[in-house]
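The same chain A turns up in both complexes below, where it pairs with chain B and then with chain C.
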Partner chain A sequence: MDQFLQLIVAGLATGAIYALAAIGFTLVWQTSQTINFAQGEFVMLPAILVLTAAHVGLPMWLAFIVGSAAFILLFGFGFKRFLVEPMQRHGVLPLAIATMALSVLIKEAAKNGFSAEAQHFPSLVPDGSVSFLGAAVSARDIAIFVVAVAAILGLQAFITRTRTGRTMQATAQNPTVARILGVPVERMILLTFLINAALALIASYLISPVYLAKFSNGETIGLAAFIAAIVGGFNQIRGALAGGFLIGLIDNLAAAYVSSAYRAAVPLVVLVVVILVKPEGLLGRKEERTV
Partner chain B sequence: MTAPASAHPILTLSNVVAGYGKMTILNGTSFSVPRGSITTVIGPNGAGKSTVFKTIFGLLNAREGSVTFDGRDVTNRPPRDLLEAGICYVPQGRNIFPELSVRHNIELGTVAAGRGLTDLPARIEAALDRFPILRKKADQQASTLSGGQQKQLEIVRGLLLDPKLILIDEPSIGLSPMMVAETFQILLEQRDKGVSVLMIEQNARSALAMSDYGLVLELGQTRMFDDAPAILADPRVGQLFLGGSLAEKSEAA
Partner chain C sequence: MLFKTMAAAVALSAAFAGSALADTVKLIDVIELSGPGAPAGTNWKNGSDLAAAEINAKGGILGQKIELIHYDSQTNPGATRAAVQRAVDEDAYVVLGPIFSGPISASMQITQRAAVPQIVGGEAAAFTRQGNNYIFRTSLNQADSMPKLANYLRDEVKAKSVAVVWINNDFGKGGRDAMIPELQKRGIQIAADIATESGQADFAADAIKVKNANADAVFVYLNEEESARFLRAARQQGIAKPIIGETTLLGAKVIELAGDAANGVKGHVGLLVDAPKPSFAEFGKKYMDKYGFTSDHNGIKGYTAVYTVKAITERIGKFDREAFAKALHGARIDVAQEPGILIDTKWTATGDVDRESFLVEITNGKPVVKTTLPMINP
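What follows is the complex of A and B.
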């Protein structure tokens, strides 16, 4: 029972990370039909940038600020301006392939420019365990869960309770009509890219103390976030949230009870089953396209 | 053109050329819309009716010619500028944000006014009061509205910023006769308040019956412009909709 509870908490923590990445993934898809295959690398990179800044001699607090600012500028604004915009007119697929190229580029740049070895990343929460329903669970897992959920709730509040957030939703749901009503559509799309970068940044700072900062971290996270987004329903934030937690839980439970060798395969099985049974995702809506 | 005298038209197109890619749809379109009246645009499929609206509203670039609104040149201005100038555009079909509430859909009609609009909540409440069904469903998703109710929402949303000119494309499509009558009623009310309306209608007979002027567009050019009853009574109009070409007829005449 103790082990089960620990696994659940660990699963929720992993799931919250996946959810952060999956929500960003969904947002940029909704507003600009960008399937970002570099999403995993987006989660890997901020930690590397912070360590690089610290490496050149900046104090840790300043390294965090510099690394964060550089990441948001490059992969929030720059990503939209210099990769998505030029590629968009060629269609969804060329753009998706360009993001694949970007993912390889980021990974190799991190490996060659920083380090091929896993590096320690400072944790904001002390190591140790706390008692939860009688079981000793990792304090770090709880902290990850709490911070990620707070970020998601904050985002949800922004999207539903502010005029800017609702204008952003409108842009995602019907860009043509948004334009007719005078919505600055391009600015709204840029906003989703900035939010995506911010979510990736949070995920990076939460997960890197656990898995260490390494150039290849994005592979697992990117795949999990992609599966989470599809399982939950590609066009729904709450779908990405549910999908993230589901994949995180399954991931951890499968590693313990099925086989750690096959842990990576289990989410894929879930993906196949969902696509066969409910192709629009667990919480998704069917999309209609006129031809 | 045999246009009725209108000293200060609200909108004037002169020799507008526009199209999609290599295809030219508007071949030097010219007409004037009289102020404070309802003008209905009719014409066969492919005549360029919707294209005219898109060009006026800055969604499609005019390659040549000019669009003048209320005495100002507004050729190829972006939609936001035209909204600020006092034009609203209600396109064909469904133009709502299905997953936002009815209230928030209406609220989006004021985006172009920016933060300057101080009486925004009052305007939204007034709009909801005008249509009890929208009031009743104010906090539900807009996708729960029927087709006619969605059209009402679109019109109310367009009216929030007190436009001087309404461009409305095929408002009656897919609506029940009762809903069509209600929709026309809203446009008549606006006309009586001094707002100008330019409407495209497939349902030419009933649209012309409630309009002040009629405009016949064919192959991207204005063929006729006259008082609505005169257009309605013209035998050539009937022929036009039965497949004949107006250009040949008028040349023959």
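What follows is the complex of A and C.
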């Protein structure tokens, strides 16, 4: 029973990271109707930027500020302004392919410009375990879960309870009507991309002490978050949230009770089943398009 | 007249080209500069560069300067085969590397067919048991290391049961297959037998399984980055039992990445800069001065591989690949004779090495040698 409880806690922590990245997929989908295939690299990169700033001699606290600001500027504002805007008018497919190219570019730049090797990344939470329902569980897992859930709840509150958030929702649902009603659509879309970058930033700082900071981390996280977003429902934040936790739990339980060799396959099996049975995802909304 | 001038120019340039070729001996490193093996490959590259620079500064080998070229194997068997083939096509005198056992097994037939000696960094037992006369190690074979570790677990740790965590590649599987029978022969029970994947990022589930196996000790046999991730996960899950491993687990890169989680880890190490030998200390200082970080065992392997080429070539007195391979089988190179070899080393008839090794514990982020173990056949 102890082992099962420990695996559930570890799975929820992993799932919280997947959920942060999966929500990014949802936000970009809602505003630009495309899939950001560089989402995993968005989670990998902030830690690399912080370490790069630290390597040039900045103290760690300043490296965090500089790395975070650089990331938000480049991959919140810059991503929208210099990639999404110019490509969007050419349709969804060219934009999706452009994000694939961006993914390769970020990964190779991190490898060649920083290091091909994994690097130690400081943890904001001390090592060790704490007692939870009679079982010793990782303090860091609990901290990751709490911080990630707090970020997601904060986002949900912002979207549903503030005027700006509701305006963002209106923009996502129908930008043409929103524009007619006087909503500053471009500004709302930019805000969405900045939020996506902020979520990726939080995910990066939470996961990098565990995975170690490495250029290839985005592959693992990006794939898991993509599966989580589809399983939960690509067009709903609550779907991405549920999908993230579900895939995190399945991932850890599969590693323990099936085998590490097949842990990556089990979420894919779940994905296939969901696509066959409920293609809009567990909590997603059916969408129809004229083609 | 014009024809005569052109002919003279061609003849002159050919003569210069010939003399340039005659003045260098080409060694080609095929090593893991990217992918999961990048920490190992980077150390090997630096070590081999350091050795080549030293040898060249003293006039080279038999008067010829070393031209050392590095090709990235990407820690991938397919890319390794292509790089080894390229090295053979480019007329390498000796191929150095790779380090990971899977890529070695996938590529060593190429050098064997071309009769080019290959000095590798792998530890898996299998590849020196295939009758290949051109493959040579720089480190101890797993089959020789594991009995020493099993004795340590029985005699020093007093373990009655052990959880075994290994990486599912040629290196890890070879280590696991060599270790489990040695433990069982000594009456030690296998409490858990846990396979993990190369490049695996999350070890929480594996650490939880190890913890709940409740073994007296944990034997960890993973590559560098995976070792560090496992140690951090083990610390997170509160594993308090002794964690024991082989050379990789106690390497400098693992200690750097794992931080405090590496403290208390114990095991058997074939090569380390902190070994109680002046030659290792001197190498460690030179490496640190040049590259700014501590060399792990792979840095030593790369360094000694180049010095092995020097010592054996000077022994045979010519650049002859076949004579080189023949001379290295059964050879012994002592530090007194060739200081660059760092530790007295013997090669067996199969290309395995025999040398002293060390029992080590990580204390305050530094490997501390507790015992020096003798050669198997001094």
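Please note the rule applied: the second predicted complex is superposed on the first by the 289 of 291 C-alpha atoms of A that agree within 3 Å, B and C clash if a C-alpha of one lies under 4 Å from a C-alpha of the other, contacts with A are read in each partner's own complex, and residues count from 1 in each chain.
The working rule: a contact is a pair of C-beta atoms (placed from the backbone, for glycine too) under 8 Å apart; a residue touches a chain by one contact, two chains touch by 3 or more.
On a predicted model such as this, the values are computed, not experimentally measured, just so you know.
Engineer: Quick one: classify A:S138 as touching chain B (first), chain C (second), both or neither.
Structural biologist: In the superposition, A:S138 touches chain C alone.
Engineer: With both complexes overlaid on chain A, does A:Q169 touch chain B (first), chain C (second), both or neither?
Structural biologist: first
Engineer: Quick one: is A:A116 in contact with chain B, with chain C, with both, or with neither? Answer first, second, both or neither.
Structural biologist: second
Engineer: Quick one: is A:A261 in contact with chain B, with chain C, with both, or with neither? Answer first, second, both or neither.
Structural biologist: second
Engineer: Taking the superposition as given, does A:L73 touch the first partner, chain B, the second, chain C, both, or neither?
Structural biologist: Neither partner.
Engineer: In the superposed arrangement, does A:N252 touch chain B (first), chain C (second), both or neither?
Structural biologist: In the superposition, A:N252 contacts chain C only.
Engineer: Now for A:P184: first (chain B), second (chain C), both, or neither, which partner does it touch?
Structural biologist: Once the two structures are laid over each other on A, A:P184 reaches chain B alone.
Engineer: For the complex, which residues does chain C have touching chain A?
Structural biologist: 33-35, 38-39, 42, 168, 194-197, 199-202, 204-206, 208-209, 211-212, 225, 228-229, 232-233, 235-238, 253, 256-257, 259-261
Engineer: Which of the residues in chain A come into contact with chain B in the complex?
Structural biologist: Residues 163, 166-167, 169-170, 173-174, 176-184 of chain A touch chain B in their complex.
Engineer: Which bits of chain B are touching chain A when the two form their complex?
Structural biologist: 57, 59, 79-80, 83-84, 89, 91, 95-100, 104, 107-109, 111-112, 157
Engineer: Where on chain A does chain C make contact in their complex?
Structural biologist: Interface residues on the chain A side: 2-3, 6-7, 10, 13-14, 111, 116-120, 127-129, 136-141, 209-212, 214, 216-217, 220, 251-253, 255-256, 259-261, 263.
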